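Shared between the two complexes below is chain A, which has chain B as its partner in the first and chain C in the second.
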Partner chain A sequence: MVRVKSRYLLCEVNVSDRSRLLLLDDRAVATAVRAAVARTHGDYGSALCTIGFSVKYLNAHTGIVFLRFPKRSYKLLWSALPFITSVESRGQKIPCSLNCLHVGGTIRTCQKFLIRYNTQQLHLMLPQCKNEGKEEKQQVRKAILNCSLPGGNKEAFEDELEIEEDEEE
Partner chain B sequence: MSAAKVKMREKKMRNQPASVQYPSSQGSGQEGGDTPSTGATGGDGPSDIHRSTDRQKKHHHRSGWVRGHQRDGGSYDKEMPKYITGGAFAKARAAEVSAMLKAVTKTTGSSHVFGALPKHMRRRAMSHNTKRLPRRLRDVANRLREKSLQAGSKKKKEQAKCKSRKARRRHGNLLLEFNRRQRKNVWLETHIWHAKRFHMVKKWGYCLGDRPTYKCYRPSYRAMSTHCLLQDLSYYCCIELQGEEDKLLASLSQLTSKEAGPTFAAVLCTSGKRQGSVVVYRAGLYPSQPLGPVTFLWRPRTQGSTHRQLWIWAHPTNKQDLLAELQSVCQCTEAIVPPLVPAATTAETGPTPEPETRPEKTPEATRLPGTKRKRNCKDAGEPPAKKILGDGTRSPTCPVTWRSNSTGIVINDLTMEIVRYRLIGPQSHSVLAETFEAATDCDERNKSQTSSLWWPEHCKDESKMNLHRQQADVFHILKDIYSTGELPAGTVLGLAVDDPRLTLPTKKVKALPSVKQTQEVDEAEEEKRRELMLRGVPEHCCQSSLWDQSVRDNVTNNKMSEQELNRMKSEVLVPGSRLSSTPPQGRVPVLLVHQPGKQVGHEMSSWGAGWDLLLPKGWGMAFWVPLVYRGVRIGGLNMSLKHSQNKGIPHFPHDYPDCPAGVCFEEEQEAELLNKFKRRPPAKRTNYIKHGCLAPFRCPWQQLAEEWELIAMQTTTRTDTLTEEETTSRPDDGVAKPQSRFTVLRNRKSLRLLSDWCRPTTSKGQRRCRVGQAPPLDSSAARQFLAEHGTSVVWVRLSLPSKGKPELHAAVCVPVAEDLRLLNKKLDGGGPQEPLHKNHFKSRIKRKKKGAKKAATSSDKTDGKESDLPNLTTSTENPKSSSESSADLIFGLWPDPLPSVTSHCSRVTLGWVTQGDFSLSAGCGEALGFVSVAGLLNTLLDQPAEHRGVVLLRNPASLQYRLAKINIEV
Partner chain C sequence: MRWFVETTCGGRTRGVFFRLCVDDLFLMFFSFQVDRLCRCSSPAGARVTDRFNIMSGVDEKDESAVYRRVVLKNASPYHYLEVCLVLQDESTRLSAVELKQFIISGLKSLYGEVGAALTFDLLKYDEDKLTALLRVYSRGLVKLWSSLTLLGSYQNQACAFRVLQVSPFLLALTGNSRELQLD
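Presenting the complex of A and B:
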């Protein structure tokens, strides 16, 4: 089978003020990337950006972005990412930078990587929380437990099937 | 995106995480805090965040990756939190992880279990053997499978529950099933035998064998010409007339005419010695409105009584008309309703469960309401488990007997009461002689006591036994005859025979004639044989007990079952030997009726002669199997047709276009052929228009007769020879003058005259008989003849001396002078060719197609614009009118009304062939059909004497004319 191949970049949006992260928007990110590409690579770059580029996923809480580039030109487009200094969203300019964590051939590998990365981050976070009291620590612990319990998945899968059957009927 | 596509996409993307972000709107609404947000700050958490976890509950709203940006309303109603905490951040991380986990573990592919497997791990048999699946998928697959099975079983439940084959084949159940299937179409007694070996067709209310499933066309022909071919003709209907002889003859004479040959009153026939055959007409309407041919048989006179019995055998298509006509002729209006409880004696229509069970059931129902259902089942099951003998479709209350008060004539419908087998072939008498043995006498002790069986009673009467001995003698002499054809046509022999099952050979043997050498034969026997061959069976020997209703019923009801017979056979000391004594119920009265062979024409005379065997009902199979064991061939309807074709006689109902049954048959045939024609794509059909064939599937006899009458009239008035281009004979001319229906010429005298005229006067091979009698053919004689039979058609036989195999509905045409010159040169390359015709309808069909399209588009246009209305109406009207005129325009067929059928081709059409084939008996193509009398006479007048009776024959799907000789045989 022939398919259109693309590369998925898993990026982290780094902001100085974390509360402003929540203002992020997938459209805003996309425009920011496009603008950066156009700035660095000119018309050719922006043309490459028109086809097969999209923001697949954005989590405003954690600042994780999945960017999709066509495989042919992803290196060129990727090279423009460091030039993003701010994203304009909802009328506000959010100074930020994009940090690429992972490049994957499918969105799935990115997701897998993200799981690993997130758990790692949580584990790193746990020893760091000391001043905020017990509450925070406990929450982090709970989160770690939450994301590493393999049993929960299976149940979810079962539920899934039930729903599926209902739909079919 | 369409709804289905959206749904599919939704399903696929169900597990994929959506972007987690605040709605693009921001406002000053209050914040709801249900999401994983900021636990510490309480109310200030991000509200209404679209998360993958709770997306399922509201997946109408932003599900999966949705292209483009979506606006949730216009106003900003959600507020950003002022600050974030580590705990909230951790929570968000955890939520993301779980969302991603879900996305990763689930496949995005189809929801099917097998879709979850990579391709290289899929196996074909997984769908029904779930153990081939990896274990993690087995549970799901099992569940799916169960579900699909349930769905399947639901559908199956709706169908009728079928019993097992074993249960279905159990005797009682099988019989019930058979009886059910006989309700619509009557089964002959040999139905099961035939159904196993023949292609069965449902015709005329019967289930009949058309042709065997094995290849036997030629062997069957050989059997007819050298040995014996057996057919079951029980579907022929017998109508019995009883009454005073003179009254019967008087009423029956209205139906026939002496001009068409011997009638019911022929002396030989009335004596009961011979079977006769006539064509019956509607009362008093002799040349027009025939009903069809029938055969009849008088019962020999008993001493001192003028009360006679007459059987008329008719074809089932013909029967109802004939019965009605007979009733009106004999004034038999009073129907005698048969007694409702026939019980043992009559057993009119086999099972009559209603009257028998009803008296049983009613008291029971009142007494034991609890057991009613069970008994009902039993009741329903038991009584009909009786074999249907006779007509199963007729209701028991339907009257079968009509009596006349004025004339005292009783008409009795004996349909399916008498089994009739036909043996065709020169050795049929030896088959009969080997199969039957004249009934043996009863034992002495049986004679003394009275018996319920007919034979012991019969034995007591000395005169009857005397007669029986004489009949047995005649039957013995029959063995010595060389060929069946030697006997006088229509000879009748009554006989009582032993059950033929007793002498059933263990192996099939071919019955061979046992003609003794002349030196061995003593004088007396020789004398007897000659007597039989010359005069037939003496009159008193034609008497049979089969004529008696009571004897017939007695024999039918006391038939020994096969099972009982086999038991008796098994008790014989030496296995395989004959039973020592014939069981008392093993005598059957039969009637043997000789069937004449080819009587007309010169060659192959008495070909296809044979015997008809009449049996009481119920004994069909008992006689059939022993006959089959004598090495006869079995033929179906197909062979009947070939038999009559070889004999050169018209076959009913195919060749009786003037009878109602024949008309009906022609219509059916046309519909069938047309259907067959239409099944082909137009490019693969024969284009009959181009072949110049106006009506390939039917023969417009009426139009032919009318046109020829017109032509003949013109030629006689002008006293001019017939010219080829008769342009005046338009179909509308014929329509304008109301004409009587065409008739088939059956007048013996006229036929003989015509036959003589047809023969070439100077031909070596032809014998010229009755030269002096026949007036020479000239215009005055012809005019006189035409005055009588202007609109008639005549049955002719056409033989093709050279090449060519005529087919159904081939046209018989008049040769022009050049064609006859061709004949002189003896060119074997065949006759002339018809030039290819032009298909005028091709453009019309095309235009029709186009017109249909145009009409559709233009009607749209007219709705919108009115400016170009007149232009459009002209364009639409033309195709419409043409399409209306040719609503059923079929490519390759002439639409109705036909143009002049006679002058359509380069050679003038005389008539058509109704049966045509390669004749195995003649060794060349032979055709039977009708030609117009007027046309034939015109042609004959025109032809030189040495070429009289030469015509051209052309198949509907060919352009080649073949020269053929016309024969009218009387």
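Presenting the complex of A and C:
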């Protein structure tokens, strides 16, 4: 009985229209998850959701969410995530779906996974930007080399944000 | 081929088998009470073999006198519940379909869509006494019973489900000493 354990789910929000992704808010995502759990698992599910659940981190540019669930009931609550069809924020309904990438015991392990995942994504994007000029290729290469473990991960995040936005345009 | 030695430790009817090499064999005779000794390739064969059975006489007597208790876990895939619905207004009548719909609505409010999808059957229904026999898979018993407990109102009148009998075997529900009438 030394420590309260929880599970952190690293989810990706898939939206068809990328510009609407920026409207996302962590409270909006939390209400969407609670509503889906209440629909799927009833009063029992919403009771499980009140105590340990929170949205720990939301990146509106890349659509990455960290959800925190209590360890005892995370599988039940995880099973309700595919039933989310839209997130309502600031009066607008954004049709989206939540896709879970990783389950970790701490935020740190989720961050380590996220850095590796982002480097893989950048590696995938590199061959696609061959025809668009050498500057972007150099930026992508620099970002890949800059990615490091939790000490300097904030810089790695910011670099990747800018580059992903450039790539899309 | 190995040597198998069966010993009875502490009054058990079935002994423990030891698989040994020849050197340990003599050590076994000194340290344990040996019931059976044989040389074959597997413990199953050793159990069957009776050729070198040292204490064979004792075993046979034990077999007939010993009391065996058989305990079955998860013996039946279904559980059967006999329930009675008690309503505030005693004259209302429900049909079988309405009762099943009512129970499903209770499951839905407590356990959501997943709970409402729990399959259960209404095997017998007595409309006058509002008594029903339900059958549910054993894994769903807790969900069904808890939703019956928390079901409080039917069409704006207070109601309660009284669970009279629960058993994994249908035959056990035929006799009930509470409702026994000696006439």
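As a working rule, the second predicted complex is superposed on the first by the 132 of 169 C-alpha atoms of A that agree within 3 Å, B and C clash if a C-alpha of one lies under 4 Å from a C-alpha of the other, contacts with A are read in each partner's own complex, and residues count from 1 in each chain.
Note that in this section contacts are C-beta pairs under 8 Å (C-beta built on N, C-alpha and C of every residue); 3 or more make two chains touch, one makes a residue touch a chain.
What you are looking at is a predicted structure, and each value in this text was computed from that prediction instead of being measured.
Participant: Quick check on the superposed pair: does A:121 touch chain B, chain C, both, or neither? Answer first, second, both or neither.
Facilitator: In the superposition, A:121 touches chain B alone.
Participant: Going by the contact rule stated at the top, is it chain B or chain C that touches a larger number of residues on chain A?
Facilitator: Here the partner covering more residues of chain A is B.
Participant: Could you tell me if A:3 is touching chain B, chain C, both of them or neither one (first, second, both, neither)?
Facilitator: neither
Participant: If you stack the two complexes on chain A, which partner ends up touching A:108: first (chain B), second (chain C), both, or neither?
Facilitator: first
Participant: According to the stated criteria, A:41 is in contact with first (chain B), second (chain C), both, or neither; which is it?
Facilitator: The second partner, chain C, only.
Participant: Across the two complexes, find the residues of chain A that touch chain B and also touch chain C.
Facilitator: Chain A residues touching both partners: none found.
Participant: List the residues on chain B that touch chain A in their complex, please.
Facilitator: 11, 15-22, 24, 26, 39-40, 46, 49, 56, 65, 69, 80-98, 100-106, 111, 140, 143, 147
Participant: In the complex, go through chain C and note every residue touching chain A.
Facilitator: 108-115
Participant: What residues on chain A touch chain C, complex-wise?
Facilitator: 38-45, 79
Participant: For a test of understanding, state which residues of chain A touch chain B in their complex under the given definition.
Facilitator: So the residues of chain A in touch with chain B come to 18-19, 22-27, 55-62, 64, 90, 107-108, 111-112, 114-115, 118-119, 121-122, 125, 129, 132, 135-136, 139-140, 142-144, 146-147, 152-153, 156-157, 160-161, 163-165, 167.
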